[in-house]
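The two complexes that follow have subunit A in common; it is paired with subunit B in the first and with subunit C in the second.
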Partner chain A sequence: MNNYFVKRLLYLIPTLIGASILIFFLYSLIPGNFIDTDPNLTAERKAELYALYGFDQPTITRYFIWLGNLFQGDLGYSLQFQRPVTEVLNDYIWSSFIVAFASLFLTWGIALVIGVISATKQYSFFDSFVTILVFGAMAIPSFFLGLIAIKFFAVDLGWFPAGGMTTSGADYTGWARIKDIAEHMVLPVIVLTMLGIGGLTRYFRTNMLEVVKQDFVRTARAKGLKEKVVIYKHALRNALLPAITLFAFELPALFSGAIITEQIFNWPGIGAIYMQAFSVRDYPLLMGFTMFIAVLTVISNLIADILYGIADPRVRVK
Partner chain B sequence: MAQQEPLLSVHQLKAHFQSEDGLVKAVDGINFDVYQGETVCIVGESGCGKSVTAMSIMGLLPDTSKVEGEINLAGKDLTKLSKGNMRRIRGNELSMIFQEPMTSLNPVMTIGEQMTEVLLEHQAISKKQATKKSLELIKMVGIGRGEQIIKSYPHQLSGGMLQRVMIAIALACDPKMLIADEPTTALDVTIQAQVLNLLQDLKEETNMSMLLITHDLGVVAEVADRVVVMYAGKVVEQGTVEEIFANPKHPYTKGLLQAKPVLGSRKKKLYTIPGQVPKLVDLKPSCYFADRCEHCMKICTQQTPELKSDDSSEHKVACWLYENEVVHK
Partner chain C sequence: MAYSSNEMIQSGHTVQKSSLWKEVLKRFLKRKMAIAGLLILLLVFLFSFVGPFFSPYMTAGTNSQAIHQAPNLSHWLGTDHLGRDVLTRLMLAGRISLTVGIGAMFLAVTIGGILGILAGYYGGIIDQIVMRIADILMTLPGLPLLFIMAAIMSEWQVPAEQRLYIVMIMLSLVNWPSLARLIRSQVLSLREREFMVATEVLGLRDKRKVLNHLLPNVVPLLIVTATLSVGGAILSESVLSFFGLGVVPPTASWGNMINTANTLIDFTNRPWLWIPPGVAIFITVIAVNLLGDGLRDSIDPNMKGR
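Moving on, here comes the complex of A and B:
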C-alpha cells in the first residue's frame, strides 16, 4: 500500500508538467495580450510595458520562468488587478467555495435519499413524481431558474436578498455578518442544487437498482434480516462504491466557481472574475487559475483511488 | 414415516407472474410433503418452476408475483404469516442456500460479519458468543483456519469454500428445513461431491429435512429419499427414489433418466428429449408434455391429466397412459 502510494505520487509529476505545458502554450499562442487591448498606447509605451511584463522574451523562456515561479508557489502577476494571482484567487475563491460547498452538501444529501427511496419503490407514485420533478429542474437553464428564483423569492415574497454577498452599506461583524452572508447565499445555492440534483439522483437510483438485483441481497433477505438492514447495510454500501470517483471530481468544482449563476446573483466569486479576465486578456490570471484547478483535479483523482482502496476490500488487497 | 405429520406440506401452490406476453404460471397447483429428516429432490429442466417453488416457500418472490395455496411448515401456514413473522422464520427455522456461492455473499463485508449477522438477528446472544458460534460453524462445515476465514472477504475464498460458508450461515440457527437450490451446479465436479457429502452428513447429524432442487439425476440418486419431478410448473411424477429410478412411469421421467450419462457405457450419442419446455403463458388444458411425448394420444392435447397413483402407493404420476378407464373408452 505504501509503495503503491509513493508510485502514485511520482506519477503526478509528469502529469502536472504535461498540464503546465498545455496550459501555458495554449494561452501564449493566442494572438494579442493585455497590453494590445488598449488602443491609446504609443509604440514606445507599449515596448516599455512589454519589457516590464516580460512579453519581449521568447515563449520558451517565458514558459520556464513561469514554471520556475510555479514551483515557488507563485502563480503569476495579474495585469488587470495589478496584484499577484494568488492574492486575487484568495480574495474571490472562498466566496465561490462556500456556495459550492453548501450546494454540494445539499445535492449529494438529497440525491442520495431520493435515489435510494425511488430505487426501493421503483415505478411507484413517488418514483415517477420525483423523476419528473428532477428532470424538470435539470432541463431549465441556470439563468432562467436564477431569474425565476429572484422574481418569486426576492422580489415578490421578499424572503431573501436578490443578489450580492452582503447587504450594501451595512457593516456587520461576527454572527450578524455570517447570518447576512448566509441569507445572500440561499438563492444561488438553491439554483445550483437544483441544477446538480437531477443527474445525481438518477445515478444513485440506477446504482441502487443494479445492486438490489444481486444475489447477495437475496441471501441477506433469506437470512431473515430486516428490510432496512438489507437495503442500508448490504445494498447501499455496494451502490455507493462507484460514487467515490464522482465525488472526487467534485473537489476541483468546489473551487472553480459557477460562471453563470454568480453573474446572475452578482456574487463576487471566482467564476465572475474568470469571465472578466477573459474579456481583458488577463492571461497570467487565467493560466494561474487553470493550473490551480489542474493540480486539484490530479490530487482529487489520487484521493479517489485511495478512498476506493479503503472502501472496497477487492481493491485493497493486492 | 408416512404416519407422522409432514414437516413441510405444500398444498395447491401457485405462483403466477404478470408479464408483457400474459400471465406466466411458473408454478401451477403443486402438492408435495417433506417429512422430518427426509431429503426430497425436485428435478426438472431449466424453466420448469423448481426455483420459483423454492422462492415461494421462502417468501422471497417479488411483490409483483401472486402466490396462492398453502405452505405448512411445522403447523404454520407460511402464506398467511405477516411479513415480519415470515422474516423471523427465514434463516431461522427455514433456510436456503443458493446456486452461485461466488455472488451470494456481500463483497464488501467479511465472512465473519455475514455469519454473526444471522445469529444476532435470530438469537439473543452477544457479539462475542456469535463470533464463537461462527468459529464452531466454520469447523463444522469442514474448513480449517477459522480465525483467518472470519476476517476474510468473499473474493479471497474459492467457490467450494464459499458454498461451505453459505451452508454454515444457513445452518447457524439450527433450521428444521433447508432448501438447497442447485447448490453444486456452479462448482467443479470434485468439489460437488464434497459439498453433497457435507450436506448429507450435516442433515443426518441434525435430523433436519432438506428440499434439494437439482437437474442432476446423479445427485438425486445419491441423496434423495423421495423425488418430485416437475414439468412446466406442474408435478408430473413423484415417488421414492427407488421407484422413480427402477420403475419410472411418466414419459418425461423416462426421458430424463435416459438423458443421464452412465459411467462406463459407451454410447455414440447421449439421448435428448426432443423439443423444449413450453412457454408458460396461456397454456390450454392439456398435458404440457404432449408435443414432446412419443406416446401422445388425442386426449393428451385436450385434457390435463391428474396426479394420482393406480394402486394407493406413494408413487404418483400425471399421465393419461395410466388412466385405464378414460383411455380405453
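Moving on, here comes the complex of A and C:
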C-alpha cells in the first residue's frame, strides 16, 4: 500500500508540470494584455509597465519565473486588483464554496433517496417519472435554467432576489445579514442542484439495481430478514461504496466556482471573478486560478483512487 | 485456393454480423423511449432543415416596420429587434446547432477513437504519450480551456458564417481525452480475448488485426458514446455562443439567440425571443440522450448504466 501510494504521488509530478506548461503557454497565446486595455497610457508609460511586470521578457523566461514562484506558493500579483493572487482567491473562493457546498449536500441527499427508491421499485410509475425527470435535468443548458429561474421566481413572482449576494444599500448585521445572504443563495443553489442531480440519481439507481441482484442479498432474504433491513442495511451499504470515489471527484467543484451560474446570478464568487479577469486579461489571476484547480483535480483523483482501494480491496492495483 | 478460403471467412463473418445487428434492432424496437427519442430527433431535423422552405420570411431579412412584435398569427413566435421572424430564425439556428453538435462529435470520436485504439493496442511508449497528454488535458477545467481557445481563435478573424467550424474543432479538442480513455480500456480488455489471441496465432498483419478484428468489436461502444456526446456538444456550443465566444451573429445558433436575454427589457418583457431556443436545445438533447441510452441497452444489455 505504501509503495503504491508513493508511486502514485510521484506520478503526479509530470502531470502537474505538463499542466503548468499547457496553462502558461495557452494563456500567453491569447491576444491582448491588461496594460493594452487602458487607452490612456502613452507608449513610454506602456513600455515602463511592460518592464515592471516582466512582459518584455521572452515567454520561456517568464514561464520559468512563474514556475519558480509557484514552488514557493506565490501565484503572482493580480494586475486588476493590485493584490497578490492568493489573497484575491482567498477573498472570493469562500462565497463560491458556500453555494457549492449547499448544492452538493442537497444533490447527494436527494439523489441518494430518489435513486434508491426508484431502484427498489423498478419499472413502477415513480421510477418512470424519475427517469423522465433525470433525462430532463441532464438536457437543460445551465445558463438557460438560471435565466428561467430568475424570470419566474425573481421577476414575475418576486419570491427571491434576482442576483447578487446581499441586498445593495442595506446594511444588515448578525442574523439579518445571514438571512439576507441565504435568500440570495436560494436560486443559485436550486439551479446547481438541478444540474447535478440527474447523473447522480441515475448512478445510485444503476448501482442499487446491480447490488440487489447479487447473491449476498438473496442470502439475506433467504435467512428471513425484513425487506427493509435487506435493502437499507445490506444492499445500500454496498451500493454506496463506489460513490465514495465519485465524491472525491467532486472536490475541485467545491472551489472552482460555477462560472456560468455565478455569472448569471451575479454571485461574487471565484467563477464570476474569473470571467471578469478574462475580459481584462489579468493573466496572473487567470493562470493562478487555473493552476490551483488543476492541482485540486489531480489531488482529488488520487484521493478517489486510494479511497476506492480501501473500500473495495479487490480492485487494488498491482 | 487461398482466395476462396478467404472468401469463406468473409461471408461467414457477414452472416454472423447481420444476425447480431438484427438482434440489436429487435431489442431497440422494444424500447419505446428510445424510439420516441429517434422520432423527436427526426422532427427536429425536419424542422431545421426543411422547415425554412415553408417560411414566408426566409428571404425577408430585416423589416423595420415589424420590430419587437409579440407572437401573433403572421409571426407565430413574434419578431426580434430587427423585425426578423423568430420562428424562421429558430429553424436556421437549428441547422447550425445540429451541425456543430454532430460535427464536433465526429471529430472528437475520430481523434479519441484512433488514439484510444492505438494506445490500447500497441501499449508501451505510444500508450504513455497519448494517455499522459489526455491526463494533462483532463486536469484542466473544461470551460476555461474553451474560453482560452475561443480567445486565441478569435484572433484569426474567421468570418461569422465559418465560426461554426472553429467551434467544432474547439469542442473536439476538449472532448477527445475522455473518449480516448474509454476506447483504450475497451481495447485493453478485447486484446486479451481468445479471438484476438487467435489472430496472433494466425500471424495476421497489424493492419488487418486492428481493422478487421479489433475495430468491429469497438464499433458498438463507439456508436453509443458518439450518440451521447452529440447532446453534450450541443449544450457546450450553446454555452459558448451565449457568452459570445462561439457562433456569432448574424449567423444564428440556439445559444446566441438566448443571448438576447442579456438585455434587461428583452429578458423581462419579450420572453418569446429567448425561451423558444432554450426549449429547442432542451428537446433536442433529451431526444439524443434517450436515443443513445436505448442504443446502449440494445447493443449490449450488459453495459447498462454509467
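What we mean here is this: the second predicted complex is superposed on the first by the 282 of 318 C-alpha atoms of A that agree within 3 Å, B and C clash if a C-alpha of one lies under 4 Å from a C-alpha of the other, contacts with A are read in each partner's own complex, and residues count from 1 in each chain.
Quick note on the criterion: a residue touches a chain if its C-beta (ideal position, glycine included) is under 8 Å from a C-beta of that chain, and two chains touch if they have at least 3 such contacts.
Computed from a prediction, not measured in an experiment: that's the story for all the values here.
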item	value
Superposition on subunit A - do subunit B and subunit C clash or fit	fit
Subunit B, subunit C and vertex subunit A (Cα centres) - angle in steps of 10°	70
Residues of subunit A touched, compared between subunit B and subunit C (which is higher)	C
First, second, both or neither for A:Pro58, with subunit B first and subunit C second	neither
First, second, both or neither for A:Ile259, with subunit B first and subunit C second	second
Partner chain(s) touched by A:Arg221 [first = subunit B, second = subunit C, both, neither]	first
Partner chain in contact with A:Phe144 - subunit B first, subunit C second, else both or neither	second
Subunit B versus subunit C as contact partner of A:Pro39, first or second or both or neither	neither
A:Val155 touches, of subunit B and subunit C: first, second, both or neither?	second
Smallest distance from any CA atom of subunit C to any CA atom of subunit B, in Å, after fitting	10
Overlap of the subunit B and subunit C footprints on subunit A, listed as residue numbers	none
Touching residues on subunit A, where the partner in the complex is subunit C	14-16, 18-19, 22-23, 26-27, 29-32, 131, 135-136, 138-144, 147-148, 150-151, 155, 202-203, 205-207, 209-210, 252, 256, 259-260, 263, 274, 278, 286, 289-290, 293-294, 297-298
Subunit A-facing residues of subunit C, complex	33, 132-133, 135-141, 143-145, 147-149, 151-152, 154-155, 231, 235, 238-239, 242-243, 255, 258, 261, 267-268, 271, 274-275, 278, 281-283, 285-286, 289-290, 304-306
List of subunit A residues in touch with subunit B within their complex	214-216, 218-226, 234, 237-238, 241, 311-314, 317
Touching residues on subunit B, where the partner in the complex is subunit A	58, 60, 87-92, 95-96, 98, 100, 103-110, 117-118, 121-122, 153, 155-156, 166, 169
